[in-house]
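The same chain A turns up in both complexes below, where it pairs with chain B and then with chain C.
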Partner chain A sequence: MAQTQTAGARPATFSPRRILRQRRSARVLSVVLFLLGWQLLLPVLPTALIPAPAEVLGFMWDEIRGDTLGRTTVWEAFAISLRRLFAGFTIAFLIGLPVGLLMGANRWIDRMFKDFVLVGLAMPSLVWALLTGLWFGLDSGATIITVVLAATPFVIINTLEGVRDVPRELTDMARSFHVPRTHVIRHVIFPSLMPFFFASLRYGLANGWKGLVLAEVFAATSGAGWNIRYWYDAHRAQGVIGYAFFFIIFALIVERLVFQRLSNRVFRWRPSDDVGPDELTAKELDQYGVAAGGDVAM
Partner chain B sequence: MSAASQTTTVDTTRSGTSDGWRESRAVQLWLPRILGYVVVLGMWQFASTQLVERAFALPSPTTILQEMWEIIVTGVFWEHFYSTIRKIAIGYSITFVLGMGIGVLMARPWADAFFRDWVLSIMSTPGLVFALVAAMIFGFSPLGPITAIVITSFPFVTVNIAEGVKAIPKDLIDMGKAFNVSERRRLRQIVIPFLAPYTFAALRYGFSIAWKIATLTEVFGSSSGIGFMIRREFQMFSIAGMLAWIFFFFAFALLLEQILQTGMKRYFRWRPEAMV
Partner chain C sequence: MAEIRIDHLHKAFGQDEDKVIALEDVNLEISGAVFVSIVGPSGCGKSTLLNILSDIETPTSGSVSITQDGGKAKIGYVFQAARLLPWRNVMDNLMFVQPERDDAARKRCREYLEMVHLEHTVKKYPAELSGGMQQRVGIARAFAIEPDVLFMDEPFSHLDAITARGLRRELHEMWKATRKTVVFVTHDVGEAVELSNRVIIFGKGGQIREDMTLDLPFPRDAADDKVALAKANILRRFEELDLIAR
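Right after this comes the complex of A and B.
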C-alpha cells in the first residue's frame, strides 16, 4: 500500500511558538513589552516626575469616559481641533490649487515663486504658530491661519507637479483624435492629477495638523494642543503623557484607516504594482531638496 | 566640396536659435526669479510701513537684518548656537546608531511588524508632543532635547535603512559566497556601497527633523539655545528679534544641507544616478 503522505503536512496544533511567530503577535508584543519595560524601569529613571503606566492608563480611561478635570473632554478637544483643521485646509486648498495650477502651466510664474514655495515647505510650523500668535491673539483666528500658512505650500507644490506630469502623449493623442475638451479633462487630465491631488491632501493635512496643534499651545483657549499645554502647565505628568498617547493613537488611526482605505478606493483602477501617490511625489519633492515625509514631523 | 564651403561659422555664443538677449537661457532662468524676490520683498517692505500698530507689527526686511547683525556682533549668537549644535550632535549620533541597528533588524518581517506601529505613529505625531513630554520629564537639562531628538528622528533613519537592507541584491551576495569572498570583504565591497544612498537619505531626512525638534524642545525646556532665544523674543513681543533668530536657524539648516549635498556629490561621483 502506497504511503500517500503529503510532504510537509503538519498536524494543526496550537503551539505557542507558531502563534508567537505571527505578525500580529509581534505588534501586540511590542506594546506589552513597552508597558512592562516602563513599569520595571520606573524606580531606575532619573526623575520622580514620570508616572506609572497604570496612572496614565487610568487618566486616559477617565478621559475617554468623559470624566475630566480639564476644560473639555478629549473628544470635544479633538473635535474642536479637527474643525479648525478642516476650515484652515479648505482655505489652503482654495488658495493653493489655483496658484499651483498657474505655476505648473506657466514657466515664468513658476520660476518667480518657486523659491518662496520652497521656503514655505521647509518652514517649521513653530514659526507660523508663534507669528500668528503674536498677530492674531487668542482663539480660532490664529489657529486657522496657521493651518493655512502651513498647508498651502504643500498644496501648491503637489498641484504644480501634477500639472507638469500630465502625460504629453495622451493629450497629444486626444488632440489628434479630436476628442472634445471636456472629455479630455474628465478622462485624461483628471485621473492623472488624482495621485497629486491626493498627496496634496495628505501632506497638506499632516503639516496643517502639526501647525494647528502648536498654534493651540501658544494662541488658543481650547483644542487638543491647548489641552496638552494645560496639563503641562499644571505639572500633571499623567495628563501630558496621556494626551501624548491620544495624539499618537489619533495619528495611527488616521494613517491606517483613513488614508490607506481612501487610497485603495480612489486608485482601484490602477494596476497594483504601480508606484503609489506618495512615493511618486516624495521623489519629485526630493529634487528640491525637501524631505517630503521628513518635513511633516514639525 | 572645397575647404571654404565647409568652414561655415557657427555662432557658439548664443544658446538656441532665436535672437536677442531676452531668449537667452540665463535671462529666462534668472529674470523671473529676481522679479519674484523684488515683488515679494517690495510688498513686505511696503506692508511694514503701513502696518505699524502693535498687534500687526511687521518689521521691514532691513530691521530684521539689523537685528541679525547685532546678534552676531554682540556675541550672543555663538553662545546659543553652540548650545543647540551640541545637543543636535549628541542626539543625532545616538539616533544614527540606534536607527541603523533597528533598521537592519526591520528588514525581517517579524521585527518589522514589531516596530512598525511605533515608527509610523512617531512619524505622524506632532513633534510638540515629544517636546512637551521631554521638557516635563527632564526639566531644563540638555537631556530633554537630546531624548526628544532621538525619539523623533530615529524612525526616519530606520525606515530608510530598512528599505536599503531589503533591497540588497541577493545574487551579488550569493556570488560572493560562491567565490569564497570573506564576510568582511563582502560587507565592505558589496553591502556598504549598496546601502550608501539609503544611508545618505536617512542622514538627510533624519537630520532635518533633528534640527527642528531640537529647536522646538528648547522653546519649552531649555535655558539656552536658538529655540530658547526664539521663545524669549516671543515673550518680549519682539517680532523682529524672533524673525532674526528664525533666519539664523534657516541659514544653518541650509548650510548643513549644502554640505551634505557636496559630500554626496563627491561620494557618488562614480554613479551619479544613485544620488538621493
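Right after this comes the complex of A and C.
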C-alpha cells in the first residue's frame, strides 16, 4: 500500500490503526460488516426465503454478464427505464421551470397554483402509478406520465424558491452602479438561481425515478421496475434484493459521477466543504455579506 | 467639478399611523474635491439619504441632482458589507460594474487593485478572502470606475478596529491621490474627524442639524490634541442637540 513520505517523517507503517482512520476505510468497513452480519444472522432468521449474500451477489454478477433468466438483462432494463425517465423529466422541466419562475415572480399566480403544487408534493407516487396505469395503458404512456407527475412539483417548488431568493443586496449594488439589465441577469440572477436549479434537478429526478419504478411494477411490461416485479412473481428473493442493490448502485453512480462532479464545477467558488447541500442557506449568503442582516437600513 | 444639490428632500415610508418620516426637508449642496461625512445616531436617515442619492430609492418629494461639469456624474458606491458577487473572482467583480468591458477597463481595475495592495488576488473568489480584504475589493471596485462622486455607507463598521484603521489610512491616500467628491456616512465621530473636511450632523427624524467645516491639516492622528478636541466638540454638539440618550 503506497504511502507518501514527507521529509523527516517516520517511515510508512502498515498499521491497522492508520488504515482505519482513513475516510474510505470506515465506509468499506460498514459494508463488509453488513454483509458479514447478514451471513451470520441467516440461520436465525424467521423465513427460509432470505438468500445468503453470496447468492445475491452471484445473481447480480450473472445479470451483469448478461446471463439472465429474466426477459431482459439488467443493462437493457435500465436502458429502457432511463429513456422513460429522461423523456418524463424533460417534460417535467419544460412545465415546471416556467411555472416556478412565474410563481416566484408574481404573487397572484403563486396563490393560484400553490395548492396544486402542495398536493403534488404530498401525493405518494404509487397513486400516480396506479391512476396512469388505469388511464393511459401500459408502458410508455403510464410510465412517462408518472415521471412527469412525480417530478414536476419538485421542479416548481425549487424554482420558485430560487426566484424568491435572488439576493436583493446584489441587485441593489448593480443598480447603484447602473449595470445594464442583461448583465444583471447573466451575472447576478442566473448564478444565484443555480443552487435551486440543481436542487430541482436532483429532487425532480429522484422523485421521478421513484415514481417510474412504481409505474413499471404496476403498469409496464419492461424496465427495471418491471424486472423487480418479475423476480417477485417468481418468488426469487435474490432477484428482488439483487435489483434493489442495482437501484442503489445506480443512484450512487448518478450522485457521484454526475451531480457531485457537476456541482463541484459549477460551485467551485464556494468555500470547500466535505459535503454540503446545494441550496445556499441564509447563513452562507451572510458570510459573503449578502444577506438581509448584512446592512443596517438606516 | 462634481456638484451635488439636494432641494427640499422628503422621504416617508408607510401610510397613516404607520408612517415613518425618514428624511425631512433636507437641503444640501456639496461641490468640489471634498470629503464630507454624515454622522448621526441610528435611524436618523443617513443610509436612506445615500440610497436616494444612488437611485436605489425614490424620494417622496423634493429633488436631487448630481452633476459633473453640468452633465450626469458617474457614481461609485461602497457598502457596509462588501456586496461582492460570490460566484465571480475578484477581477470579474471589478469588471462587472465597469461601463465598458475592454482592455483599458481591465488595466484600470488592476491599477486600483494595486492601490489597495490586492493585485495578487485577481483570480480568487470572495470566500477565499478575509472580511477586510473583501471590503478593500469593494473600495477598489468603486474607485475603478473612476467616479466623479463616491458614496460610502459605513464601510468599516463591520470590521475589527485594527483592520478598519488600516483601511481608513488607505482610503485617505486614495482620496488624496484622486481628489474625488466623497460622501461618507458613519456613526463613528472619530472616523469622521479623521477623514473629512466637512461634517454634517443628522438628527432623528431625518433633518440636518449642523453643518461644519473641519480645517485641520492632513494626515490626522487621533492622538493629536487638535483632532481630539474637534471630536470632543462634535460629541458635545450631539448632546446639545439632544441626539445622545442620557
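Worth a mention:
Throughout what follows, the second predicted complex is superposed on the first by the 248 of 298 C-alpha atoms of A that agree within 3 Å, B and C clash if a C-alpha of one lies under 4 Å from a C-alpha of the other, contacts with A are read in each partner's own complex, and residues count from 1 in each chain.
Going forward, a contact is a pair of C-beta atoms (placed from the backbone, for glycine too) under 8 Å apart; a residue touches a chain by one contact, two chains touch by 3 or more.
What you see is a predicted model, and the numbers here were worked out from it, not measured in a lab.
Judged by the touch definition given at the top, the superposed model places A:Glu255 against chain B, while chain C stays out of reach. Put simply, more of the residues of chain A are touched by B, taking chain B and chain C as the two choices. Applying the stated contact rule after C-alpha superposition, one finds that A:Pro195 touches neither chain B nor chain C. After overlaying the two complexes on the shared chain, residue contacts for A:Gly242 are found with neither chain B nor chain C.
By the touch criterion defined above, A:Met112 reaches chain B but does not reach chain C. Legend: residue contacts after superposition of the two complexes on their common chain; A:Pro153 is shown touching neither chain B nor chain C. Contacts of A:Asp172 after superposition on the shared chain: chain C is touched, whereas chain B is not. Counting contacts by the rule stated earlier, residues 289, 294-298 of chain A appear in both its interface with chain B and its interface with chain C. On the chain A side of its complex with chain B, the touching residues are 21, 23-24, 26-27, 29-31, 34, 46-47, 49-50, 107-116, 119, 122, 124, 126-127, 130-131, 133-137, 206, 209-210, 213-214, 217-218, 225, 228-229, 232, 235, 237, 240-241, 243-244, 247-249, 251-252, 254-256, 286, 289, 291, 293-298. Within the complex, the chain B residues that touch chain A are 28-29, 32-33, 35-37, 39-40, 55-56, 109-111, 113-118, 120-130, 132-133, 135-139, 143, 152, 156, 204-206, 208-209, 212-213, 215-216, 219-220, 230, 234, 237, 239, 242, 246, 250, 253, 257, 261, 276. Residue ranges on chain A touching chain C, taken from their complex, read 169-170, 172-179, 183, 187-188, 191, 194, 267-271, 285, 287-290, 294-298.
Listing the residues of chain C that touch chain A in their complex gives 22, 42-48, 54-56, 75-77, 79-89, 92, 96-97, 99, 125-128, 131, 134, 145, 151, 153-154, 157-158.
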